[in-house]
Each structure stands twice: as structure tokens, then as C-alpha cells.
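Take a look at the structures listed below.
First chain A sits with chain B, and in the next complex the same chain sits with chain C.
Right, the complex of A and B next:
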């Protein structure tokens, strides 16, 4: 019951946001935050549910962003088609990269993905004829406007683009929720909890791990495409390893292995550095100390901590009459 | 049913199993006993495909399964119930059982669920509880049930009595006898030697990576060396 009310409140807050905070700056931040939430939701599938940390999510976001922009600008494909095709291209790239790297267990996998992100970044910087190098690609169009009953919806408007990414996030979360309820989702969680045991039960773990990796990469690719057609300009900078670490941080901060965790975590990783601007040059120091404190005192993340608090409060209220007897 | 010939296992450069041979026949319950560090667990892991032996071979029902991946071995009908009450702690008892039947995912498993719930009535009460919140003995029951859910031809138990209250050890002994009665072939690794010899038909004694004695359980319990070393006689 509390859960449903919370979900409704968050959904309503998301829909009402552009009317509550009308400044372009806040809407801009909200769009970026939602795009990062999609990346973090993807990271959560491999990291939070399957138990393997991938440090390549920003790299995959880059593959999605550049392939979407290039297919649109060079091949003339409509943006909507590019948004569907670019996650598939990212999935193909992650399949090739994941096949050898998932043969190794635990931390080695993280190291291989870290190297992968570095390779992607180097390619984006140096393959100048295609990616434009550090200079980047400019003039990437927004999605074509759509007509619904004589009303033309243009995605050049920030508010409309906000609703587009919000709908995309909703769709992604529905797909993930369905995945987690399925048998595949159960097996992924089994791998995190006890991989040897899953193997002993007859699960070909590497296949499920590969699926999880490819799925999470394709979500990052999708987010990349949304990013490219929003910003209209791409350079390699947002797709560096630092940003992959931010995605991991978002999952840990919010609460890995929960659906709401990546929302809170990604929201904070985008909002906190902005809010802390008032502290000027101490900004990063405060941010860093805050993160360290959260990781030490709330190792399971903010969402599990908050839900424990709520549960205890509810139990405390209903528990009192029985104590009085 | 299972024939292990001249198996050698090494970790890095250090060999811990020096050419062990053993056999488990259809419907038999065979115990593997011996002290800590004798190589019992390594041997089991090799049979289950969790580690690769350096030499020798393992034949199961006529097929060479040496060095096969763990999930392939499981699909051929060997179920392992590893040491230390291994289960999926953040899943319900029921989900643990469902995952145990993973290799039979396309079949109806309600009859088997019923069967293990009859074997362990306490699991019925705990069906929707997180497995990690159960007591040690109950967790062992989940682990054993999970292995049985696969309907294995051969079921391997690695130290089911380890770290369990003595009263529950008796329950586990009863369970092993019942499992034997169901016609499941059992390979049992135990340090609780007297219990193992009561349950098993035959036994191998493994010491420092080699088989030092083998025979029927009766022969083993009367063997003076076994008595002195393991039965406190």
C-alpha cells in the first residue's frame, strides 16, 4: 500500500516537475538526470542484480550516442529509427566485448571492462574522419516532431523533450521490472547470491552473465542516443571512464539491487555537484566526503536504508497497542 | 555408474590428490571419509566440473566427463550439495527449490516439491521465508532438497553434518537413509565417520590425497586402523 502511494507520488512528481520548476536550467538538469537514471538502471542490472561490476557503461553510452548521431547525419535515417537502432548496435558491440571478458570471474571482469571503456574513448578521440575527434559532431537534430490530433509536438522544446526522456525511463523500468519477475531475472539474482551453486544446479552461468551485460549496455546505448539528440553536440568527454564510475556510484549510492535505487543515486550524482556550486572550490571536497560517509554508514545505499526506516516507523505505530496490553 | 581412475588434482604447482581411483555403482551409497586436507572436497569438485583435474579421468554412465563445465555435468544428472549449507540466501525456500530443478525447467515439478516437503515437513512452513533467515539445520534441509529437486541419478553430499547441532545430525542421517530408499545413488563425504559408516554400503578412506583403505562399511568399522583414527576405539 505504502509502496503504491510512493510510486504514484514519484510518477506524479515526475510529470508535474516542469510546471513546478519552470526555469530552463532546472529542466535541463532534470533531462540529464533522467538520461543518467536510464544508464544507472542498466548498470544496476549487471551490478546490482547479477553481481558483476562493469566499468564501461559510459563507453557504451558513447557508442549509442555516436552511432545514433552518425546514422542520422550521414545516412539520413530518421531520428526515431536511430533511437531504436543505436541500442542494438551497442548491444552488438558489447556482445563482442563481453564474450571473452565474461570468461573471467569477479574483479578481473571489472578490469577488462575498464580497459574496454578506455579503448572506446581513444577511438572516439582519434578516429577523426568519423567522430570529429575532440572537436566533436555539431548540429545533431532533435527527433522529428509528431502530430497527435492536429497538435504538433516539437522536441526542440525542452519541456517536450523532458516528457520524452521521462516516458523512456518509465518504459525502461517496466522492462526491467518484468525481467526481474521472469525466470531469467531469478537466475541472474541466483548468480549474484551464489554463482558456484547456480552452476551446480545446471545453469550455464556465462550465458546469463553475457545476457545481463549486453542488456545493460544496450540501455546505456539508448540513453546515449537520447543524450545526442538532446544536446545536439557530441564530444568524447562525457563518455570517459570517470562517467562510468559515476554510473557505478549512482547504483551504490541509491541502493544496488533495488529498482528505486538508481533513480535516487543518478539524481544525486547529477544534482549534488550543481547544488554544491555555492561552496565554490570546496565543492568537490564536500561531495567526496559526503560519498565516503554514505558508503561507510549506509553500505546498502539510501533506498534500502529509507525503506527500513519507514518499515520500522509503520511497525512502531501498529505495534504500540499490543505492547499496552 | 561413476568411475574415477587415477585422478590427480593440483592447485598451482602443489598436487593435493595423487592418483585416486574409486567407483560408485547404481543404487549404492558410498562414503568417502578422511581427515581435513585429505583432498575429499577437491575430488568432489573435480567430479562436479568445478575444477579441472591435472590427470586421470572421470566416467559417468559410460561417458567421459573429465574437465566438463559444471553446468554440463549437472545436466547429465549429477547433483552436488556443497559443504557449508550453500543456498541462495536472499531467495525464498520455494525459489531455491525451483532453481534446484533448473535442468528440468520445461517439466512439471509440483510432484517433486511435494516429495521434498514430505521429506522435510518443516520446509512447508517455511516455504515463503528467505532461506538466509533459517536456522542451520533448516538451511541444510534446503540445500539437500535443492539437490534432490534436480531428480539426479547421482547425488553428492559434501559434509552435510558440518557445523550442525547433534540432534539435527541424527535427522540428517535419517534423511540420507530415506534418500537411499528412494533409489538415488549417493556419494557421501563425511568427517562424522560413525554416521557415514552407518548410512553407507561401502567406504573409501582418503588420507593425504591417496586411498589408504576401502571396503564395505562393516569391514571398515571393524578395521583397527579406522577404529583407532576415526572411531575413537
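Right, the complex of A and C next:
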């Protein structure tokens, strides 16, 4: 019951947001936050549910962003088509990369994906004829405006783009929720809990791991496409390893293996640096210290910690035990 | 052509010896504690800045400055272990990794605040250039190779011949048994972090003398260190030595004969190739993790 109310409240808050905070700056931040939430949701599938930490999410986001922008600018495809095709291109790239990477486990896997992100970044910087190098690509158009009845909806408007990314996030969350309830989702969680046992039970784990990796990468690619057509300018900088780490932090901060965790985490990783701007050059140090403190004292993340608090409060009041999740 | 090959081999060995120093620090930490110590590169850069600072402010020579910086680096390593890694030793490994990322942010930005944003080149005064049969050997690079070799040998002796080294190897092999034998694992952890950070600082100083100490160098350095670990096998000391040299030489060849912009890509392709063919690393017979 509490849960349904919360979900409804969050959804309502998301829809009402542009009317509550009308400043362009806040809407801009909110769009970025939602794009990062999509990336974090993807990271959560491989990291939180499957138990493999991939440090290549920002790189895959870059593949999605550049392929979407280039297909639109050079091949003249409509933006909407690019937004559908670019996650598929990202998926293909991650399929090729995932096959060798998933032969190894634990730290090895993390390091290999980290190297993969560096490779993507180096290619983005050095393949100048295609990507424009450090100079980047400018003039990427927003999605074509659509006409419903007699109302024309233009995505050049920030508020409309906000609703577009919000709808995209909703769609992504629905897909992930359905995935988690399916057999595939159960197998993924079994792999996280005990891969040897899952293997012994007759599951071809590598297929599921590969699926999880490709799925999370294509979500990052989708987010990249949304990013490209929002910013209208692309340079390699947002797709560096630092930003992959940000996605991981979002998952850990919010609570890995929960659907709400990445939302909270990604929101914080976008909002915190802005809030902490007061401290200026000390900002990132405070950020780092905060991170260390959270991991030491709240190792499961904010969302599980908060829901424990709420559950304890509810139980204390009614005196009867509530069901565990 | 042959001269070119030898020239690139020499260049590669010099770079590779620095990678080896970085990787040795990472590999002993990984072997003992199972931590991917991502902040290692930032510690190395801190040492580079500190050495530069000592030379500039107190006018002492390169080697005393480097020795003091290594001692300070060792102390920093012990503090990091106590304050940040020790509390999460029983949590899932990802938590220690996130701690490492947090530490990287902290040290990296602290470097910026304390030492400024400019890149610095550590002055050495070794400007002579030797020429043997057409192969140019800058004095500085020869010394770097020598210093690195000396440190590697010193560390090997420390690990193989001393009581503390024996304790370190025992914990790496079998932690519970080592505890039962009365080895204080806390002391070993601190020792390993101190030793590793001192080696990292040495690597940072050599990078600073050869190229420059600058913000942003540390990330590349630490990733190269991990690439070496994958090549050689996580936790393996001979693997780190061989892997570092292999990576350095292949990078030098790649940048000389293929493309200098893509030399890092080639290093990573090498790493992925090793993973495909021999996932446990070049120097390990089989994986026991």
C-alpha cells in the first residue's frame, strides 16, 4: 500500500515538476538527471541484479549518442528512427565486446570493461573524420515535432523534451520490471547469488550474462541518443571512464538491486555537484569523502536503508510484523 | 631497420619498467587484500608533486627528495588502509572498489589544491645522450631503467628473504591458515599498503622526470597498471614484471610502427587477446580464484 502511494507520488511529482520549478536551469538539470537515471537503470541490471560490475556504461552511451547523431546528420535518417536504431548499434558493439570480457569474473571483468571504455574514448577522440575529435559534432537537431490532433509538439522546447525523456524513463522502468519478473530476470539474480550453483542447475550462465551485458549497454546507448538530440552538440568528454564511474556510484549510492535505487542515486549524482558548488574547489573532495562515508556506513545504499527505517517505524506503530521484500 | 627495432625495444623497456613499478604495487595489494586499489595512480602523482616540491623548496637533490617522498607515500598508504579500506574488509568487494574511487577523487583534487593545476617536470640534470651503434640512449632513460630494476630487486628480496615478506606471502596463499599461525593480518595489510604506495611514488617520480606530473595522468597510469595485472595474472609478482615489460615494449612498437594515437588501443587489444587465449594471465598455470 505504502509502495503504491509512493510510486504514484513520484510519478505525479515527475509530471508536475516543470510547473513546480519553472526555471530553465532546473528543467535542464532534471533532463540530464533522467538521462542518467536511464543509464543507471541499465548499470543496475548488470551490476545490481547480475552481480557483474561493468565500467563501460558511459562508453556505450557514447556509441549510442554518436551513432544516433551521425545517422541523422550524414545519412539523413529521421531522429525518431535514429533513437530506435542507435540502441541496436550499441547492442551489436556490446555483443562483440562482451563475448571476450565475460570469460572472466569479478575484478578482471571490471578492469576489462574499464579498458573497453578507454578504447571507445580514444576512438572518439582520434577518429577525427567521423567523430570530429575533441572539436565534436555540432548542430544535432532535436526530434521532429509531432502533431496530435491540431496541436503541434515541438521538442525544441525544454519542457516538451523533459516529458519525452520522462516517458522514455517510464518505458525503460516498465521493461526492466517485466524483465525481472520473467524467467530471465530470475536467472540473472540466481547468477548474482551463486553462479556455480546456477551453472550446476543446468543454466547456460554465459548466455544470460551476455544478455544482461548487452541489455544494459543498449539502455546506455538509448540514453546517449536522448542526450545527443537534447544537447545538440557532442564531444568525447561526457563518455569518459569518469562518467562510467558516476553510473556505478549512482547504483551504489541509491541501492543496487532495487528499482528505485538508481533513480535516487542518479538524481543525487547529478544534483550533488550542483548543490555543493558553494564549496567550489573543495566540491569534489567533499563528494569523495561523502562517497567513502556512505559506503562504510550505508553499504547497501540509501533506498534499502530508508525502506528499513520506514518498515521499522510502521511495525513499531501497528505492532505486527510486515512482510519482507 | 634493426637499429629501429632495438631503439624501440629500449624505449619500450624504459616505459615498461615504470608500468612494472605501478603494477607491482597493485598486485601485492590485490594478492593480499583482494582490493583493486584504484587510487594508486593518484598516490603516485602525489609523490611526483611532492618530490618536485622538495627539490624546488629545499634545494635537495633528486634522490634524497625521492626517498623522502617515498617515505611520505608509504605513510599515506598506511593511513588509507586504516581509515578507508579497513572498515569495509568484510563487505562485498564492490564496496572496497567504490571506496577506491572515492579516494581517487579525494587525492586527485587534493593534489590540484595543494600543488596547483600546472604540469611540472621534475628536474634531474641528466641531459647527456649516449649513442651506441645508432641507438640513442638518453642518460635519464638509462637511469630510469636502473632505478626501476633496483627497486624491483629490492622488493623481491624483501618479499622472499625477510620475515615480514614471508608473512605477506603466507597471507596471500591462505589467509585463515596464516591467522592461525599467529600472523597479525592487520600489520601485514598496513605493511603491504606502505610498500605498495612507496613503489607507486617511485613510479610517479620517474613519470614526472621522463614526461610530466600533471592532473589526469594518474588515471591512465593506474589503468595501464591493471592491464599489466591482467597480462601477468592478478596477484602474481613475476607476472607484474614480465607483463609490465611486455606492455611497454608492445606499446613502443605500436606507436612507432602503427600509430601513436592508437597505441593505448593496441595495449588493450593485447589484454583482451590474453583474456581470450589464457584468461588466468601469462605467468600463472591456472586460476585459483
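By definition in this document, the second predicted complex is superposed on the first by the 319 of 325 C-alpha atoms of A that agree within 3 Å, B and C clash if a C-alpha of one lies under 4 Å from a C-alpha of the other, contacts with A are read in each partner's own complex, and residues count from 1 in each chain.
Here, a contact is a pair of C-beta atoms (placed from the backbone, for glycine too) under 8 Å apart; a residue touches a chain by one contact, two chains touch by 3 or more.
Not measured: the values here are computed from a predicted model.
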item: First (chain B), second (chain C), both or neither touched by A:186; value: first
item: Touched partner set for A:194, first chain B, second chain C, both or neither; value: first
item: Touched partner set for A:203, first chain B, second chain C, both or neither; value: first
item: Larger contact residue set on chain A - chain B or chain C; value: C
item: First (chain B), second (chain C), both or neither touched by A:249; value: second
item: Which of chain B and chain C A:119 touches, first, second, both or neither; value: second
item: Which superposed partner A:174 touches (first chain B, second chain C, both, neither); value: neither
item: Chain B versus chain C as contact partner of A:284, first or second or both or neither; value: second
item: Which of chain B and chain C A:299 touches, first, second, both or neither; value: second
item: List of chain A residues in touch with chain C within their complex; value: 47, 53, 100-101, 103-108, 110-112, 114-116, 118-119, 122-123, 126, 241-242, 245, 248-249, 252, 256, 281-282, 284-285, 287-292, 295-296, 299
item: Footprint of chain B on chain A - complex, ascending; value: 183, 186-187, 189-190, 193-194, 196-205
item: Interface residues, chain B side, partner chain A - complex; value: 48, 50, 69-71, 74-75, 79-80, 82, 86-91, 95, 98-100, 102-103, 105, 146, 150
item: Residue ranges of chain C in contact with chain A within the complex; value: 30, 34, 36, 84, 87-88, 91-95, 97-99, 101-106, 108-110, 112-113, 219, 223, 226-227, 229-230, 234, 261-262, 264-265, 268-269, 271-272, 275-276, 279, 289
